[in-house]
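What follows is subunit A paired twice: with subunit B in the first complex and subunit C in the second.
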Partner chain A sequence: MTAALLEVEDLRAGYGSVPVLQGVSFSVAEGETAVMFGLNGAGKSTTVNTIAGLLKTWGGQVRFDGSPLTGLSTTEIVKRGISLSPEGRRVFPQLSVRTNLELGSWTRRSVQKEQMAKVFSYFPRLEERVDQLAGTLSGGEQQMLAIGRALMSKPRLLLIDEASLGLSPKLTQTVFQVVDQINDDGTTVVIVEQNVGVLPYADQALVMQKGTITFDGRGSDLHETGDLRAAYLG
Partner chain B sequence: MAAQTEVLAGFDHAHRPARVSMRGWLIRGLALLPVLALVFVLPAQSDDWTNDAIYAAIFAMVGLSMNVLVGYTGQISLGQQAFLGIGALTAANVVNTGTNAPDPFTFAIGIVAGVLVSAGAAAVLGAIALRIRGLYLALVTLVFGSVTADAIFTISSLNGQDAGVPAYRPTSLQGNFAFYVFALAMVAICIYVDVWIRRSKVGRGLIALRDNELVASAFGINVLGYKLLGFVVSGAMAGLAGGVYAFWSQEFSDKNFTSSAGFSLALIFVVMAVVGGLGSRAGVIAAASFFALIDPLFTGFAHHTGWLNWYTDHKAYIQNLVGAVLLLQTVIFNPGGLGQVLRPFTRWFSGKPFSLHDAGDAAGAALGGGDSVRA
Partner chain C sequence: MHVVADTFSPQLHLVTPLISGLADGAAYGLFGLGLVLLYKSNRIFNFAQGEFATVAAIVAFLFDRGVGWVPKVPYFIAITFGVLAAVLVAMATERLVIRPLFHRPRVVLVVATVGVALFLVGVEGLLPYPQTASLRTISDALGVRSYLTQVDGVVVLDQDVAKLIVLAVLAVLAFLFFRYTHTGTAILAVSQDATAARVVGISVERVSMATWAIAGFLGGVAGVLLAVPPSGSVTPGAFTGLTLVVAFSAAVLGGMTSLPGAFVGGILIGLINAFANADHSFVPGLNSLPTSQAEVAVALVLLLVLLVRPRGLLGREA
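Here is the complex of A and B:
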């Protein structure tokens, strides 16, 4: 068993005075791909946003490589090796593909050149459109850019929120395959997904319901236990 | 596709160098002559025109300060007149030499002091405004402008009471045209700062947080620090304009920045930034110059048509009406502002092919138009 890179323990967080995460606990081993399923509002995005430092932790703890992340700035969290590809892609529409990518390595300029070459090897389409405005890319290309931008800081842990949102099934598979390749190259990945088509690429599956983890196990087990069906269909 | 990519590259600052022949640059140089004549020759024709041109240069500096704050940083300020006033008040008080002309060193100290104090005041406003946005931010800046006017500009030991604080120019800048050249040099400094911000890592950080604060912070961009920087740079530029204003009018008078005069300036500054096109340097300068020249242009027209008395009685309403109509026209029909209209020309002058059908416009319109960022 590989050591856990990410450990989340009794994590509580929310928006304003509304609690969303009611005590989330799970861990992800280094080099693995974990997929988090759940209905809208279950707290999946809140979980990854809290890990990335975009939301304040109300309680509990997040540890990365054994060190607590609680209270650290997003800058420090990125420097430590965690990067987020946010939900809805959210590229910077009026900046070029190149500038979007450069912004991804804001805190680690030294790896910019090396990572840009790597991103272009994963997504050759981005290299073709490097001087094009991000807002003029297709949905699939924007998703590639969002993931590529997150890779620019050379993260050890890549958090991807809804990679398949708004993409065709074929393009979704392409994106999943690239994410699998990124994982094979040594980056630990946590994907928030609604699309179960990602399951074959997952080492670990998590199911969230009402702000807590209701299943944590191997991806193959998820099919057998029926937890996924319960999460989506009740 | 190649052509489109080239056009888009110019929208975000281009990474590929322009290739223009000597003949091409010569044609561009000749085409620039009317603009140069408008900037340098026309103001030299009479003292009134020189005065109007200096006022336009001051507005252009304020326009560029709005460009940094609103266009690049995505913040709003309805209190920019306060920074103009603080710059003017500081410069006049620092250089106050009674009835004598100051030496150039004292004059320079006064201008720099105006910049620094305005930047400091902007940092205070920025610190207050860091965690609020939208309507609340607009209200806070509005109140800041109003409170500054009431609390600082009316301090009798600073404002020179009814007579105002004298702000005499050094001997070398006594002539209006010499002072106009000085004002143009100050505009050039503001343009340089604007260009530097836009092309540097700082500018990319500002634009990223303007587009999406949450995502920008996810990549480690210091959102609060960069917002504060946007306020400070903008305040410093407005402070510089304030210093020039004080020495142009050769006094600081609180009446120019308090009550209805101050509020009117605040509105004009916002309107000229929107009409010029947020993020568009050339558009904002053109719109700011136009708003500065509305009064002399209309006065001249009314004088020649025999409507001067009527215009003088109603000029405040007419100027507001012109501003309102231009604002509506921009918001409804031309969200990219004057910058969008000028862009084919500014692109051409920078060495790119002339095209009225700029893919950047289409992209800008598709993305919400007015927010687009242009060189």
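Here is the complex of A and C:
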């Protein structure tokens, strides 16, 4: 196993005065794909949002490539090489596909051209619709755009929150395959999913329950031991 | 202006209202630009926009005249100081009032801007200066005649021409700013989805500050151009009371989110106002109304436009 790119250590965070993450710990090795499962409300989005700097860390810490991210702004975190494709897609609806993508390289304009070409090679559909307003794209196309936009900063770590939500089984497979390809091209990926169809593409599997990690192992182990069933049935 | 004539007179019924309508319309348009900018980016109606203008006018006046301990400086420096003061006040508004309330419902923010306006009117009222005076016009400062040309015997004031030119230039610049600059695009991005903007690494705080600074600049420019004779003054609250409400109608008419719309809406409202006031005995029904017919006409047009096009003339979103 190679060195860990992302190390989450006893992470605590929440909303207002309500704690959600009750000490989350896991690490992801450089070049791997980790998938995180868990029931609705388990704290998966809270975890990736805290890593991306959208939420304040209450306790514990996140280390990226060895250095702690505590207290850094989202701008700084994106610059260091972490990029999030947030839950619910959240594209800029009244801006064109092109402008959405360009905004993705807000912190690193020098890589814009190169990454745009890369995104179009992963998602040719986006290139066909480059001048269309993002809000008029189909749900699946918006999901591609959200992932594409996250790639525009040339991240070392890509966080994807719910890639398959609302997508047809066929498109879900396509998106998973592209994510696999992105990973093959050298980007470390953490993907939050409800769809177990992602497992064949994952090196590492995590299960989150009530704000803590209850399973952390190889993707193949999760399949065999039935831990996943346990996680989902509580 | 209220003129009465028995028969149609091209001068009274056409040229005079056309010229005064364009001039007033330019004023509404200038305010409208600032209002549209903040609506586009923060989804709020900024009731403090009128006082940004007043602050600029007062500060420019103090420096132009050299009131009290304020040193007298050349006119164009004085109005630059005025505009800068409006920018600073707008930035302070963002930092001290808007940002702490940013995650509250929009209506809270709107009420907060009303509070800012009232606060500024109060502070202005405490300042020791001749409050009914007005700022000098550009032609006055340059020592030239107040008008260069007449149309059909009706004087076209230089200051009014200046208002129109500045309005047109600022409207075009604002449009280009949103279309072609990174900061302009970032403002749009934040307005459409602040969380997504943060996700790509845009500093929402910095963008918000920039937006308010620009709104302060637009308000300030309006202030130093409008607080002049014959009808303008540096009186506290003057713009809030007289101009702002009409400017809102102008912005809504143009489509609250469209910068060219603010321009078109402003000019249209100015013209409607002026023509309705010119008392056309040949427009059936209108001359039988009392003197407030101009407001009735404005309200009527606004209502009709919104019924047919709820998003305003040039607005793109509902």
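The rule we apply is simple: the second predicted complex is superposed on the first by the 234 of 234 C-alpha atoms of A that agree within 3 Å, B and C clash if a C-alpha of one lies under 4 Å from a C-alpha of the other, contacts with A are read in each partner's own complex, and residues count from 1 in each chain.
Note that a residue touches a chain if its C-beta (ideal position, glycine included) is under 8 Å from a C-beta of that chain, and two chains touch if they have at least 3 such contacts.
Not measured: the values here are computed from a predicted model.
Trainee: Sharing subunit A, do subunit B and subunit C clash or fit in the superposition?
Mentor: After superposition on subunit A, which the two structures share, subunit B runs into subunit C.
Trainee: Is A:Ser168 touching anything from subunit B or subunit C once the two structures are fitted on A? First, second, both or neither.
Mentor: neither
Trainee: A:Gln181 in the overlay: touching subunit B, subunit C, both, or neither? Say first, second, both or neither.
Mentor: Neither partner.
Trainee: Scan A:Gln132 for contacts with subunit B and subunit C and give back first, second, both or neither.
Mentor: first
Trainee: Of the two partner chains, subunit B (first) and subunit C (second), which one does A:Gly104 touch, if any: first, second, both, or neither?
Mentor: The answer is both, since A:Gly104 touches subunit B and subunit C.
Trainee: Output check: A:Pro86 vs subunit B and subunit C. Expected answer is one of first, second, both, neither. What do you get?
Mentor: After superposition on chain A, A:Pro86 lies in contact with both partners, subunit B and subunit C.
Trainee: Tell me the contact category for A:Ser220 with respect to subunit B and subunit C: first, second, both or neither.
Mentor: Neither subunit B nor subunit C is touched by A:Ser220.
Trainee: Pick one for A:Ser96: touches subunit B only (first), subunit C only (second), both, or neither.
Mentor: first
Trainee: Under the stated touch criterion, which partner chain does A:Ser121 make contact with: subunit B (first), subunit C (second), both, or neither?
Mentor: In the superposed model, A:Ser121 contacts neither subunit B nor subunit C.
Trainee: Do subunit B and subunit C land on any of the same subunit A residues, and which?
Mentor: Common to the two interfaces on subunit A: residues 52, 54, 73-75, 77-79, 84, 86, 90, 92-95, 99, 102-104, 106-107, 149, 153.
Trainee: Give the list of subunit A residues in touch with subunit B in this complex.
Mentor: 52, 54, 73-75, 77-79, 83-84, 86, 90, 92-96, 98-99, 102-104, 106-107, 129, 131-133, 135-136, 149, 153
Trainee: Would you mind writing out the residues of subunit B in touch with subunit A in their complex?
Mentor: 4-6, 8-9, 11-12, 14-16, 204-205, 207-208, 211-212, 214-222, 359-360, 363-364, 366-367, 371-373
Trainee: Using the touch definition up top, name the residues of subunit A that touch subunit C in the complex.
Mentor: Residues 52, 54, 73-75, 77-79, 84, 86, 90-95, 99, 102-104, 106-107, 149-150, 152-153 of subunit A touch subunit C in their complex.
Trainee: Can you list the subunit C residues touching subunit A in their complex?
Mentor: 182, 185-186, 188-189, 192-193, 195-203, 316-317
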